[in-house]
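Which chain is which? They are A, B and C, in the order written, and residues in each are numbered from 1.
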Amino acid sequence: MSLIEITEVRKSYGTNEVLKGINLDVAPGEVIAIIGKSGSGKSTLLRCINGLETITQGAISVAGAQLLDDEVHLKALRLKVGMIFQQFNLFPHLTVGGNVILSQTVVKKTAKAEADAMARKMLDRVGLGHKFDAYPDELSGGQQQRVAIARALAMQPIALLCDEITSALDPELVSEVLAVVRELAAEGMTLLMVTHEMKFARDVCSRVVFMHEGRVHEIGPPQEVFSSPKTPELQQFLGVH
Amino acid sequence: MNYVFEFGWLAQYYPQIVKGVLITLELIAIGAVLGISLGIFCAWARALGPAWLKPIVATYVELIRNTPFLIQLFFIFFGLPSLGLQLGELTAANIAMVINLGAYSCEIIRAGIQATPKGQFEAGASLAMSRFETFRHVVLVPSLQRIWPALSSQVVIVMLGSSVVSQIAAEDLTFAANFIQSRTFRAFEAYMVSTLIYLCLAVLLRQTLAVLGGFIFPRRLVR
Amino acid sequence: MIEFSTWDILRNLLLATRWTILLSLVSFVGGGAVGLLLLFLRISKRKMARAFAKYYIELFQGTPLLMQLFIAFFGLGLFGVDVPAWLAAGLALILWTASFLAEIWRGCVESIAKGQWEASASLGMGRLQQMRYVIFPQALKIAVPPTVGFSVQVVKGTALTSIIGFVELSKAGTVVTNATFQPFVVYGLVALIYFALCWPLSKSSQILERKLNVAHRNH
């Protein structure tokens, strides 16, 4: 039984079709890396799953919640999938704790004390419990991204979408974020990540999706995809000759 | 409400309206050209001018920006004659508009000058240009281009604000509306019609200035 | 002819200034409330609401305030109501102020990074919740300097209400001039009183903006 079902999804901006019929089923606990050149549609696909982009055709469902373009359905879907962004997107006017508490109290109507406890727990989980009262601009990029992960986790999603979450980080800060993701994967969280970290994809992911010109060009377990790429496009992308 | 709208007076009074529109246009044309020129001078003085000039220009700008145009107009038209300076109503209106726009455009243009990358001044200096030559030949045009949209909006604001010159009997569009309503007692219709004309003038003026901007600044700004 | 001392003139003008201040406050507060409503329409998801707000703003910013005052004064009269000048003045100024504040505030809302909308959406917040908890608190901070700055325009705008016969500072200036035949002194004093009202507002707007810019640079 698939957790995320993506069926014949198409997405166009005007006459420019960026997704040309994507099919992808993700089982619970799977960790999927989506790789490909920029402009291949990988980020768009991820954003469609969360309803940040409306799809032109096709269907997406997450644990039975259909992606439909109205607030009720979108909310139901977004409660099941969390999203982490390249630019962190923390709320600058709130403390770290406030960032993690806000959507719990506002969206899920969790009691303040309970949300507070959950926030502390999630911040501890990403190793930032001591930064509860700090503001985002007092943190390093890696710390901000870990707060963003805690913020998404506090909503207790069943899957996480990670959109190039280490691309905006200085090289020395990448590993602390990846360590958190690695732990989540080990705990059985379903993850869909667009990434440029090939080594990470090889080590952690259960499947790798190579996207090219709006299509799933090649898909398979990492050993297969990385060691014996079948298509010339993937070979070129990986630099294998 | 059992009021019947009546626009029959238009046939008889349209020459007044046309005359009013022309005077409004004349006022803003002269006001814009001289006002922006004054603004350029004041902006230069405030940003790069001699130290003794800066406080004088600053006082002028602050005084104008913090008092109503109507009072500036009354002061010039009613107040100055007691100093022996008798002005016709159109001249007074023109002077008031130039002084008013001069102060506002000074601040807008100054912002444009201050946004000039430092390298431009340094490049000018390295080519042995004086500070004024650098301003005149290197800094001014890109600065104006940077703030052209804001300057255009200000010109439109001054054009709309010019409707109060009717209060010193300058025969602009508002004067025409007042005249018509006093003759026909069709106040609401007269003001409706002139308001619509003002709206069209505002849209036209904005577009004219945008086209003009395209002519004056044919190249895109490079940073 | 009665002799007026400068003090007599000033006293009369200052008494009328109360009405300028009161009208400014009413216009600003009322305009703020209507402006907030317009802002919601302007950034609404409904096309009709957006178009309405857009044309409202276009209309009130594209026509002279004086004409709006005339239409309020004479137009309301058509409904058989005898409109007092203060009512027409207040109404027109509120509607005019609203159009400018709505547009200023829209700029502030739109300057909030798109990522803030996306992050809050991805956490399941509805549009109102996004505004209430994420966008407005941030927009509010950058909205303060230009809003204070615009209050100067409102104070100056009240001068036009003298033309439809509302007795405030400008009207008092005309009345006193007619009694004293000293236009130079009277209008000079009127200008100075307006300056005393407006300059602190202008200055604080500038200071607030500078503070905000410094805070932003440190981020």
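The criterion applied here is as follows: a residue touches a chain if its C-beta (ideal position, glycine included) is under 8 Å from a C-beta of that chain, and two chains touch if they have at least 3 such contacts.
The model shown is predicted, which means the values in this text are computed figures rather than measured ones.
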Inset, instruction - Mind listing the chains that sit against chain A and also against chain C? - result: none
Legend entry - Identity of the most central chain, Cα criterion: C
Legend entry - Pair of chains whose C-beta contact count is the highest in the structure: B-C
Inset, instruction - Specify the chain most distant from chain B by Cα centroid. - result: A
Legend entry - Separation of mean Cα positions, chain C and chain A [Å, integer]: 46
Legend entry - Centre-to-centre distance between chain C and chain B (centres being mean Cα positions), rounded to whole Å: 20
Inset, instruction - Provide the C-alpha centroid distance between chain A and chain B, rounded to the nearest whole angstrom. - result: 54
Inset, instruction - Would you please write down the residue numbers of chain C that are in contact with two or more other chains? - result: none
Legend entry - Residues of chain A touching at least two other chains: none
Legend entry - Residue numbers of chain B (touch at least two other chains): none
Legend entry - Residues of chain C that touch chain A when the two form their complex: 113, 115-116, 118-127, 129, 133-134, 137-138, 141, 218-219
Inset, instruction - Give every residue of chain B touching chain C within the complex, in rising order. - result: 1, 3, 62-63, 65-72, 74-75, 78-83, 156, 160-161, 163-164, 167, 174, 177, 181, 187-188, 191-192, 194-195, 198-199, 202-203
Legend entry - Contact set on chain A toward chain C in their complex: 50-52, 71, 74-75, 78-79, 82-83, 85, 87-93, 102-103, 106-108, 137, 148, 151-152, 155
Inset, instruction - Provide the residue numbers of chain C that touch chain B in the complex, in ascending order. - result: 59, 62-68, 70-71, 74-75, 77-80, 152, 156-157, 159-160, 162-163, 170, 173-174, 177, 182-184, 186-188, 190-191, 194-195, 198-199, 202
